[in-house]
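We just call them A, B and C in the order they show up, numbering each chain from 1.
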Amino acid sequence: MSRTTMMIDTGLPTGLFTDVIASHGELVGLVKFGWGTALVTRELHRKIAVLREAGIGFYFGGTLFEWYLVQDRVDDYLALVERTGATHVEVSNGTIPLDQQGKAEWVRRMSRYRPVLAEVGYKDAERSARLSPADWAGAIREDLDAGAELVITETRESGRSGMATPDGHLRDDVLRAVLARIDAGRLLFEAPTKDLQVELIRALGPDVNLGNIAPADLVGVETLRRGLRGDTLLQLTPVAVPA
Amino acid sequence: MSRTTMMIDTGLPTGLFTDVIASHGELVGLVKFGWGTALVTRELHRKIAVLREAGIGFYFGGTLFEWYLVQDRVDDYLALVERTGATHVEVSNGTIPLDQQGKAEWVRRMSRYRPVLAEVGYKDAERSARLSPADWAGAIREDLDAGAELVITETRESGRSGMATPDGHLRDDVLRAVLARIDAGRLLFEAPTKDLQVELIRALGPDVNLGNIAPADLVGVETLRRGLRGDTLLQLTPVAVPA
Amino acid sequence: MSRTTMMIDTGLPTGLFTDVIASHGELVGLVKFGWGTALVTRELHRKIAVLREAGIGFYFGGTLFEWYLVQDRVDDYLALVERTGATHVEVSNGTIPLDQQGKAEWVRRMSRYRPVLAEVGYKDAERSARLSPADWAGAIREDLDAGAELVITETRESGRSGMATPDGHLRDDVLRAVLARIDAGRLLFEAPTKDLQVELIRALGPDVNLGNIAPADLVGVETLRRGLRGDTLLQLTPVAVPA
């Protein structure tokens, strides 16, 4: 699962969702129904039918797992996964008080049911900022060892917390520490802003797995991957003429 | 009219507008055709037909009222309201030189024709900032006494003026002063950004009336109201397990 | 070609693109398929058919020209223009190392094939900032003399470089120097943000040519041109009543 682009659906109307997949589905590796939006989407079954026909996997945001967990209703969550045919499960502790060890235990349990995408990082910017580079690398290692298929690095929808700095750039120190221990192919980087997309493609190459990509940015991200936008053109294009 | 979500249409194409109402119409309490967009929307009649079928009320932005008023053409405005079947009228003085007393007089006059949504606050950030908490509360009280059904608190589409600070947060002092005198059910808070939506739901609960919600944010706002997003999950969700 | 609004398509799905043109096509003078997006748009032919039927011209972003040029493949670029029926060609040096004189030479060459839109300004903010007002005016003059039909002033999609300052406002000194030498009707100002749209309409009047307008902003820009939004209402509306 390399060069995966994970599209986030934050509540598209059904017709537009269908249009996006019909037009750009070949650019989409996975769809996440962001946080708990699935529970307030009346026509979720129609969106799922569209994805099934296109052969695209999907799952629910980690916040939905946390919402069920904090209410001691994980069975209901698993019933939802079963009923909808979600292809993956995200396990995270971005919001609720669940420590890394507890989360890794849930990664282990949930991977009996579906391939698990584990998330590292907190939604709260200050809490994330207190994670040292070694903390990040250790948590990712632990989640993979617990059976996660991929580990997602949190940056929120704003691209300004988690593995991003408050001004929207990658935390280089974290990135270096993580890559020293983990194969980039096992990571899915949340990159909701162009700044983060550009920095990750420049640092890790065009095949880096990118997540939280807005439907409106699918084509833009693909142009960045192919050097067809100013930001990566000179890095990725074979130059044939002397300048 | 509590827990009203007012969606702003800033110029959606007709197909997408129809798609939004078909998919998420049950989340929409009122639609505002923002400022004077109605006059440059060729297929306004089709949008209106969609709303009528869904049983959703609609009105034109206060700026359109001001545009007619400043040209001494209020009769033309009323003819437009009549012709289109707008269910409400917004009366504001956000742009034109019309003082609070003059606006309240227009609230009184217009409420002969339609339920009036009166707006308090100016589009100009500095002018709004000069309104003291007592000014805000007094103006709202005056508009309600003049017959307004609801009073809208201005923050612009950017969420950075009116009742919001230049960095996009609620003016707490204003909010406190207003709530000391006015029932929150008579207020419709413009909350175009997630920050403002979160702050208002945290301060006033999930049933607060929210306005200037973008079509793309309808589902997101509903998840905030239900504690299905990280920002309000721990505040609004009954916790069943020890953390 | 005055009062031209150039809409940028950064990768709309096909259905939405069709919807935008059907609903608001009369507001669109030209469509630019931004940077190299055309090469990753599977259904480009369907979008082009929509534009042809509506009688709207279109072209590919200057970055695509640069991408071909830097690979010494301008013939392939011309073949693409021919095959798709693009009505214009953009010639720019926003990303690749090509000096003003070299660019003007390409303006001359490409205008044998299509009317040329030449672009002045660099994507890199610092590089653009080093262009003096006289540099801007001189480069625009040179491109027009080389045969460009219009000259586009770069501000990027963010509206924060090129002829815009890093905080998103117009560079007044540049604007003054340019207008002293060039007729505004020969300029197409990139104005992707409302701030820039408002500043340009206030400075140059409602008929200023505006570019990089997002599909979602077409109606909004038209209301600014007609004084139907707070930002330009008092400037552009004949006031009939004493305030």
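Note that a residue touches a chain if its C-beta (ideal position, glycine included) is under 8 Å from a C-beta of that chain, and two chains touch if they have at least 3 such contacts.
Molecules present, by chain and UniProt name: A, B, C = Phosphosulfolactate synthase.
In this text the structure is predicted, and so the values were computed from the model without any measurement.
Taken over every residue number at the interface, the positions common to subunit A (Phosphosulfolactate synthase) and subunit C (Phosphosulfolactate synthase) amount to under half, indicating a different-residue contact. Superposition angle, subunit A (Phosphosulfolactate synthase) onto subunit B (Phosphosulfolactate synthase), using Cα atoms only: 120 degrees, a multiple of 5 between 0 and 180. If you average the CA atoms of subunit A (Phosphosulfolactate synthase) and of subunit C (Phosphosulfolactate synthase), the two centres end up 34 Å from each other.
Looking at subunit B (Phosphosulfolactate synthase), residues 15-16 sit in touch with two or more other chains. Those residues of subunit C (Phosphosulfolactate synthase) whose C-beta lies close enough to touch subunit A (Phosphosulfolactate synthase) in the complex are 10-16, 35-37, 39-43, 63-64, 66-67, 69-73, 94-98, 123.
Touching subunit C (Phosphosulfolactate synthase) in their complex are the following residues of subunit A (Phosphosulfolactate synthase): 15-16, 18-20, 22-24, 26-27, 215-220, 222-223, 226-231, 233-234, 237-241, 243.
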